[in-house]
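Before any comments, here is the structure.
Naming follows writing order (A, B, C, D and E), and every chain is counted from residue 1.
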Amino acid sequence: MGQACRFWEVSRLVAVLELTNISKHFGAIQAVNDVSLSLLAGQVVGLMGDNGAGKSTLVKMIAGNFRPSEGTIRLDGSEIVMHRPVEARQHGIEIVHQDLALCNNLTAAANVFLGRELRRGIGPLKVLDYKTMYRRAGEIFRELKSETRPRDLVRQMSGGQRQAVAIARTMLSEAKIVLMDEPTAAISVRQVAEVLNLIRQLRDRGIAVVLISHRMPDVFTVADRVIVLRRGRKVADKPIEASSPEEVTGLITGAIEQV
Amino acid sequence: MGQACRFWEVSRLVAVLELTNISKHFGAIQAVNDVSLSLLAGQVVGLMGDNGAGKSTLVKMIAGNFRPSEGTIRLDGSEIVMHRPVEARQHGIEIVHQDLALCNNLTAAANVFLGRELRRGIGPLKVLDYKTMYRRAGEIFRELKSETRPRDLVRQMSGGQRQAVAIARTMLSEAKIVLMDEPTAAISVRQVAEVLNLIRQLRDRGIAVVLISHRMPDVFTVADRVIVLRRGRKVADKPIEASSPEEVTGLITGAIEQV
Amino acid sequence: KKQLVIVVKGLDNPFFEAINQGCQKWNKENPDSEYECFYTGPASTSDEAGEAQIVQDMLGKADTAAIAISPSNAKLIAQTLKTANPSVPVMTLDADLAQEDAALRKTYLGTDNYLMGKRIGDYMKEAKPDGGKVCSIQGNPGADNILRRAQGWRDSLSGKEGLSELKGEGGWTEVAGCPVFTNDDGAKGVQAMTDILAANPDLAGFGIMGGWPLFGAPQPYRDLFKPMADKIAKNEFVIGAADTIGDEVAIAKEGLVTALVGQRPFEMGYKAPSVMMDLIAGKPVEDPVFTGLDECTKDTVDTCIQK
Amino acid sequence: MAVTLDQTIAQKQRNWIASVVGGQTFWVLIAVILACLFLSAATDSFATAKNLYNITRNVTFVAIIALGMTLVIITGGIDLSVGSVLCLCSMVLAVVMHAGYSIEVGIAASIGTALIIGAFNGLLIAYLDFPPFVVTLGMLSIARSLAMVASNNTVVFQFGPDHDTLLALGGGAWFLGIANPVLYMIILALLTGFVLRWTRFGRYVFAIGGNEHAATLTGVPVRRIKVAVYMISALSAGIAGIVQTGWLGAVTTNIGAGMELQVIAAAVIGGANLAGGVGTALGALVGAALIEVIRNSLGLLGINAFWQGTFIGGAIVLAVLFDRIRNFRQSE
Amino acid sequence: MAVTLDQTIAQKQRNWIASVVGGQTFWVLIAVILACLFLSAATDSFATAKNLYNITRNVTFVAIIALGMTLVIITGGIDLSVGSVLCLCSMVLAVVMHAGYSIEVGIAASIGTALIIGAFNGLLIAYLDFPPFVVTLGMLSIARSLAMVASNNTVVFQFGPDHDTLLALGGGAWFLGIANPVLYMIILALLTGFVLRWTRFGRYVFAIGGNEHAATLTGVPVRRIKVAVYMISALSAGIAGIVQTGWLGAVTTNIGAGMELQVIAAAVIGGANLAGGVGTALGALVGAALIEVIRNSLGLLGINAFWQGTFIGGAIVLAVLFDRIRNFRQSE
């Protein structure tokens, strides 16, 4: 609790990312509705909500996959408009997608580096640097304590290994913000502990982390703050120590209206 | 605890399903290795294990999706050999698959009834009975307290609704055994509670339930017995009250060898 | 046995099958010859490169004693022959090489396509001297023999040489949408003729340069022209058509076509082996050797086909 | 809350009007109708009884095969052999009848041939997991070659004792002056539509196309259904072959050449999705109709023969454009 | 434990021998070699310098296009327009040179045409989400029609001042007596292989075929890559057209008809998977070679012309059989 407090205080100093009145609709569906929030360096935010509440849509907007229908995104105080995921990465925003976004026909290393392959060579003639990519990917898997072979095809991998590959992507560069969309959904207790550990490590490096999860214990173990969405609207945003699993459950289901 | 004990006692009387020395290998991969276990009427068994431990493979053999490489399956005391999933269903074995096994281009009702469509008509000329199927599916969704519209396409549904469709399948007929392969992985707290409730209802009707999950709290809330697989072998099989989350975690990761 | 090879444009055409019949008849009649007639070609008439490849294969084969080719792309076969520089005698059959490549083959055996088109035109002109609106039905857009027939046909109708479209010369005008390329598909041919006729009720006739609509779709052809049988009999509407294959002669007998001008593919296939043997033996051979034309009108149907 | 849940469950996201208007079939149908209206206004010769008779009849052969092809496409497969199968079946019918057998024997032999070929395709695809493209491409070559062997590559135009029956079958107009092939097409389309919507078989066809793995897991007899689907496709080609033989009155070994692409185009334009899971019987008809109307109009409007291909190709692309634009708007 | 983890991470599930032997390409290559050995033994005329020269040259046109097609197939698309594009590009080259321009101008015009067509296909497919089958089927029709328009449907066989240069380009043998087209094919295959294995572009092509959605999410410029891929496919058809023109010495509006299916067959036989994500440059060559060896052998063995289609079709199916049997065993 004391630790959580420490970060809460730090956070007031540095708002890495600020969303103001963000909305997103798909045709008639209002997926995210007038949400404002700010992410603070070195703070883990648990983002919770029912299925279809708009969690994935919200983080996808931050990651540059969707453009908001309305509202502004501010990074380090200045407004940014992102057209492509690459731009978000250039701004130091990394995401682990809910469906992992893996290409089954590529190796683990190729998936980790997808979209930002390392190359070597002189002048305009650059070729893929397989060796370095395998090495770096191996290092990251070792750091994650995951038995994942960089040279193997993702097709043949177990759920936990696939998850490791998706998470490894976020560790390629020094990110400012890491968004994790249900990183622990299909993995075993062992890897869950690793992922939560990893999140703590990120936090300790001063990175802002958003953790989407349906697993109450995960969020309450690792998050400093919890945000709850219901039907696209933000219904709660408070320090974790000021809340409780029961309250959050009530907020998610609608038993509690708003706090 | 008292309740769990009650079922434990009942169970000794009726062993619905018995697996003896079941193994399964895919080419060189030994997915399940010499596993024996018995399911008892009115008992919930939590099946746990690391990713790739062989849980899904084991239940798929019970559900008639794979044939065991070795070993025998006994239902109500007599040996059965199943070639197709339909046969398992005829024996009263239902399964919720890990990947849900849904056809996105069909409606929720069509998915619920897939493989056992209701038909009406006289003699050989039988047509699909849409009306009854919609009605029955609606009833089941109501029972599950899920906001799922039987007439809508599964493509457009949220994770929770998809899960509801997959679970609804098991409730079409009076099953003896229901196998659930991670039914709570991607769904929100609200639906998790519903699913756990449902499992209790099944148990109270005297149905044997196998619940595969990586979520320790779920298993410890609802299961009467816990079985742990590691690398295809059974390393534990004990009443839940004789175990603890810590022990199970140790068994899954290999920190504890066998109990 | 040594082989006298016949390479045709494509196996999918009954016309070439008649050549094959001739070839087989020759084989049957000459069982003791040291040669045999061997018939081959690409699966589809439109596969020009395929034909060239088969020609190469055959020239590369040790058994080949002589070769007769029906080039679907004359320039291409000429090029092939130039590079292959064959040691066995080469002749053309049914269709010839271009004038300037004539030296590449010893002789040409087959129809005079230009004359054939001209005869079709002659019949039409004779039946309807004042002319009118016409449309020509052609086969594959790249087929040289058809293009030559069309040229003969236009020259005959217009009385001039080398026109690529009739615009009133000799009284004849080609309507919009013509010529029609049917890609050797009978049904398509009749369908197109139906459309053209609907669009131009005052049409005076069709010049059909390949017999596909008649022998490939005889029944729809009959359905289309039966109501006009009177007009055809009175030469108010004239149809000149190529070939005498399949049901065509019967159609002529019913008075649904003004005149048929047919080739003699069987004769080509039957004669080709003898010509090739002459070439092998070094005997002098005429160049070209024309097989005749069978010309049928309603009145001559019973006698017009050379047996 | 209980009321809300009940209400929700009773709801349907899209009512039937929305789902009709939402489909590509609808837009292509609109395109066909617009084209017909335009042609009626622009030319005297389009909206005549005779021209309509011809158009409707011309459409049938592609449309009938497109019905079978639609089933194949819904399962996520493809059948390139239909043109050649049409040829082979026509040839078997012709040769058998020419040899003096009755029309019943001829049709039975022809249908039998189609079913054997379809079963061969289907078995390789379903049980040995061959790619449909490869198997049916091989069959495209094989079936035409067998047609040549069967007929000795000649034109067959005399069909023995039942010659006239056959011609009447394909060329007559027994009912209200509608060409017989059109009647067959309508009956087959109704049958296909019925099977797809109202039978378990049809349901399974969609399920396989939607998610073959899921279908297998839930106990759908995936392999048997797939074999059946390829048999139906070959059968539809066989039926089209028989009818076409009756109409043409002659069979050559090049009939149906290149037809496979036309048939697939008809099915796809009508809304079938080559990725599987989507398609309707009506769509097959509408797609075939669009292609035929364009072809017909080029003749009536007197378009230069060289340019006709450009128009046909352009129209094929345009047919899908409507649907695309609608989708595009919606997703943005 | 730390050691074990490190060891695991350093491992590779299949070494390169296993993955070579595991691929369909390998088995088809074996089939080609076996067929060649058999033909050398069974006939005098197969293993002659001249026949080998011919075979290798004949293979090139399909093989060159199959290289481009392989890229398209890897992304999960298909390009039916290649035969017509070959025709149009040949025709543009021929017409331009016939009009008196130099060969450089002719080739530039021809390549430019190919790129425009490819870009058109690609833009519709990538940006408007058209089904590739429909767009390229439309283009099949359009491109051939434009070739007719460009040439007025005549045969062009005089190529102006640079006539002889063009013929030498396509028909000569400048290096070790190997036909020039073969040299081009080898160079293009090496280039394609290099691009697929060693460049970011190649990596993206595979990623799109593996999971287009994932590729988009991770920031792969999916649309631009797709456009590029269809441009490359059209370009390969254009190059094949130019080389073929030089070899043939004449262009008609017929050339390349039906070639699309041959090319796709070659790519698929060589191991490309129409579902996307799998394919190699070597596979395209091997697939094309198998088809050509079979074709050549039928003539040399004196097989009856009617039966040839059956053999070719059978061989196409058999080519995949090896791979299937291996897979089948493994999964059981």
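Rule of thumb we're sticking to: a contact is a pair of C-beta atoms (placed from the backbone, for glycine too) under 8 Å apart; a residue touches a chain by one contact, two chains touch by 3 or more.
Chain labels with UniProt names: A, B = Monosaccharide ABC transporter ATP-binding protein (CUT2 family); D, E = Monosaccharide ABC transporter membrane protein (CUT2 family).
Given the structure is predicted, the values throughout are model-derived calculations rather than measurements.
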Per Cα centroids, the chain farthest from chain B: C
B-D or C-D - the one linked by more C-beta pairs in contact: C-D
Cα-centroid distance, chain A relative to chain C, in whole angstrom: 73
Euclidean distance of C-alpha centroids - chain A vs chain B, Å: 31
Chain centre separation in whole Å, for chain E relative to chain D (CA means): 30
Per-residue multi-chain contacts in chain E, two or more chains: 148, 152-153, 258, 305-306, 308-309
Contacts with 2+ other chains: residues of chain C: 11, 43-44
Chain E residues within the chain D interface of the complex: 80, 124, 128-131, 133-135, 137-146, 148-149, 152-153, 258, 261, 264-265, 268-269, 273-274, 305-317, 319-321, 324, 327-328
Contact footprint of chain A on chain E as seen in their complex: 5-6, 8-13, 197-200, 203, 206-207, 209-211, 213-221, 277-278
List of chain B residues in touch with chain A within their complex: 48-53, 158-161, 182, 185-192, 214-217, 248-249, 252-253
Residues of chain C touching chain D in the complex: 11-14, 16-17, 20, 43-45, 175-181, 184-187, 191-192, 194-196, 198-201, 215-220, 222-223, 245-247
Complex contacts: residues of chain A adjacent to chain E: 64-65, 84-86, 89, 97, 99-106, 110, 114-117, 119, 126-128, 138, 141-142, 145, 147-153, 156, 169
